[in-house]
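Please read the structure below before turning to the comments.
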Amino acid sequence: MVTLDIELGSLKENLLEMLDLVKSQLAKSKKALEQVDIPLAQEVVEREKRVNALELLIDKDCENILALHNPVATDLRFVLSTIKIAGDLESIGDITKALARFIEKSGKKASRTFVDKFQIHSMIEICISMLTDMGEAIQKEDTHLAQKIAKKDSALNEINKNAPGVTSELIKANTDKIELILKLFTITRKLERVGDFIKNIGAEVVFHIEAKVLKHKKG
Amino acid sequence: MNSLTLNRVIDTAFKYVGFLCTLSALGILAIFIINIASEGLSRIDWQFITSLPSRKAEKAGILTAWTGTAWILGLTATISIPLGISAGIYLEEYGKKNRLASIIGVNIANLAGVPSIIYGLLGLEIFGRLFNLGGSLLAGSFTLALLILPIIIVATREALKAVPKTLREASFGLGATKWQTTWHQVLPAGAGGILTGIILALSRVVGETAPLIVIGALAYVPFVPSSPMDEFTVMPMQIFNWISRPQHEFLVNGAAAIIILLLITFIMNGIAIYLRNKWQKKINW
Amino acid sequence: MKIIEAIDVNAYYGDNHALTNINIEIKENTVTALIGPSGCGKSTFLRMLNRMNDYIEGFRNEGTLLIEGKDIYKKKVKLEDLRQHVGMVFQKPNPFPKSIYENVAYGLRIRGVKNEKEVEERVEKSLKKAVLWGEVKDSLDKSAYSLSGGQQQRLCIARTLAVKPSIILMDEPASALDPLSTAKIEELIAELREQYTIVIVTHNMHQASRVSDRTAFFYLGNLIEYGKTSDIFTNPKIKQTENYISGRFG
């Protein structure tokens, strides 16, 4: 086995580990929100350090592979796409940390009705399922799966479209809880961005396997 | 005409000139061989080869002459080959390559060009008189050994020089001593060149007359030599002896002996060429 | 554990000061690449490690060169023992004009191994280690010259392995080979690393980056930089090193 293959194999493992970690962070946040579990939320905040560490590791490994092995063609595209995917995963990790922070500070105050009105739980579920599918797509190098995930992002966008309406409705009815409602609104925005990031990851996977550039295209 | 045409003309002209030269050289050789063969071929028979010389031409044979040549060849080879090869190996592989070494090298090469009769004089004084060997086979062999020693040394050095440095490096790299490297790698690799040189040197020995005359080899030897201290004669001397006689029969004898001598020379050269080719095929760096 | 250590090593070819104050430590079971432009001294340094420079008229050296803790330039050092310990593979494959079997057996025979069975075993083992056994096991008494260039070089490696060295020096081992043979040699180096310490001189920087753990950059007889290969090729500390590896040298 060529040394380069060994390096690339290890890189893929690290990337999937990072993806799984971010996914578990999201799952924990959902549970913490549901059960108002403050220690769990704090755990998620702490764990974010591990996500960052993985991104740095992947960056360094990619740098080394490029410098030492001069990969070309598919191998090169794999390294380039991995750098970007790691960056996207790190951004998702940041958002998850922000969500966990919110739960830490305002979890007790956030009423279940409000959270449900914003459909936050559904959004998180969609994100988790998108990440699961994306993990499989990366593992199996399945570009069809990677592109199908884009459809789930549309569902997120739909929910997000309703958010301003829900916000104004809730504010009119609960003028004493404006800050909380606005915070929840921000969270919906952020969760929508998670969907965008995952869609980007899908485009990178397609770039790696098929050398097609999907980003910045309409649709 | 312009230079392009001129070049073409010169090119074609040389083709013809060269061919003519080759033809003339081969022609002269052919004339010589045919001449000799027509004169002496008929005289060659078993009796001729196995008879002692005699005053009667029909009875005279070259037995003592070719046995003398064989003895001289054998003794000279025994003396000069080990000496020459060892000296060549030392100078090429072991000696320091400084000014003294190059002076020695030049002088040895020069010795190969010294007229052979000078060696005869040297041999007469040192081997014949000082060592008291007289005009024996031993004296003759020592003298001729001195004569061809420079040739063997130079041939050995050239053959060893042709062995690429990388072969020695590979051997040293594995932990071999200088002698192991020389014995197991360099010598076998250079063997073809050394052998070729030796055979050519020996074929020179076959034809040398002057130094042997000087040290006292006799022209008329009616017995086959049986020990190194015996007196002797060799083929060239026998030929010279016969050709100086007025009788036509002796001239025919001479021609026959020349044919035999040529045969020996051609065979020795042929062996040298065969060995060189065989060796060339084995080694290809 | 450091197996090669150079302390203030200087080397001269007559008046030419070829190496200046070289200080370097090479650890066991590593692959170290020596890189640098022509004439920078990397080959000179490599050949000092098994004293092959001794054969060059006018060569002299100063400083201390330790291999496994012993100064190899001390008078009492036996050259033959040193070279059994520190093997060398050369730039142009140089098999002996003998059979494949005898090529590998040569090193054993001259070191006094008489038991024919032992010779046979070690020849087979070395050819297997050099990943050549499969290709030649049925034609061991064919001339070594009947092999291709890449095979000949692997034969030379097998020949070196047969005498059980602990260090293997390689002087641009793949520069005379085609890309496929080069790749095979590089794979072989990666495998050999587990049992041997390898020092390789190479003109090809990509090769250095692919196969080595540590890289030493030589220039005009000086050791400019020495460090982990991944560091040298991603972030060299000295500008000269960066200029050389990025191809900006004059």
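The first chain written gets the first letter, and so on, giving A, B and C; residue counts start at 1 in each chain.
The working rule: a residue touches a chain if its C-beta (ideal position, glycine included) is under 8 Å from a C-beta of that chain, and two chains touch if they have at least 3 such contacts.
Remember, predicted model here, so these are calculated numbers, not experimental data.
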* Asked: Starting at subunit A, what is the smallest number of hops through touching chains needed to reach subunit B?
  -> 2
* Asked: Does B-C or A-C have more contacting C-beta pairs?
  -> B-C
* Asked: If you average the CA atoms of subunit A and of subunit B, how many Å lie between those two points?
  -> 93
* Centre-of-Cα separation between subunit C and subunit B, whole angstrom -> 47
* Distance-wise, how many Å sit between the C-alpha centres of subunit A and subunit C, to the nearest whole number? -> 50
* To do: Provide the residue numbers of subunit B that touch subunit C in the complex, in ascending order.
  => 97, 164, 166-167, 169-177, 180, 184-185, 188-189, 282-284
* Spell out the residues on subunit C that touch subunit A in their complex, using ranges where they run on. => 183, 187, 190, 206, 209-211, 229-230, 233-234
* What part of subunit C is in contact with subunit B in the complex they form? -> 50, 52, 55, 57, 79-84, 87-88, 90, 92, 94-97, 106-107, 110-111, 143, 145, 156, 159-160, 163
* Asked: Okay, in this complex, where on subunit A does subunit C touch?
  -> 2-4, 63-64, 67-70
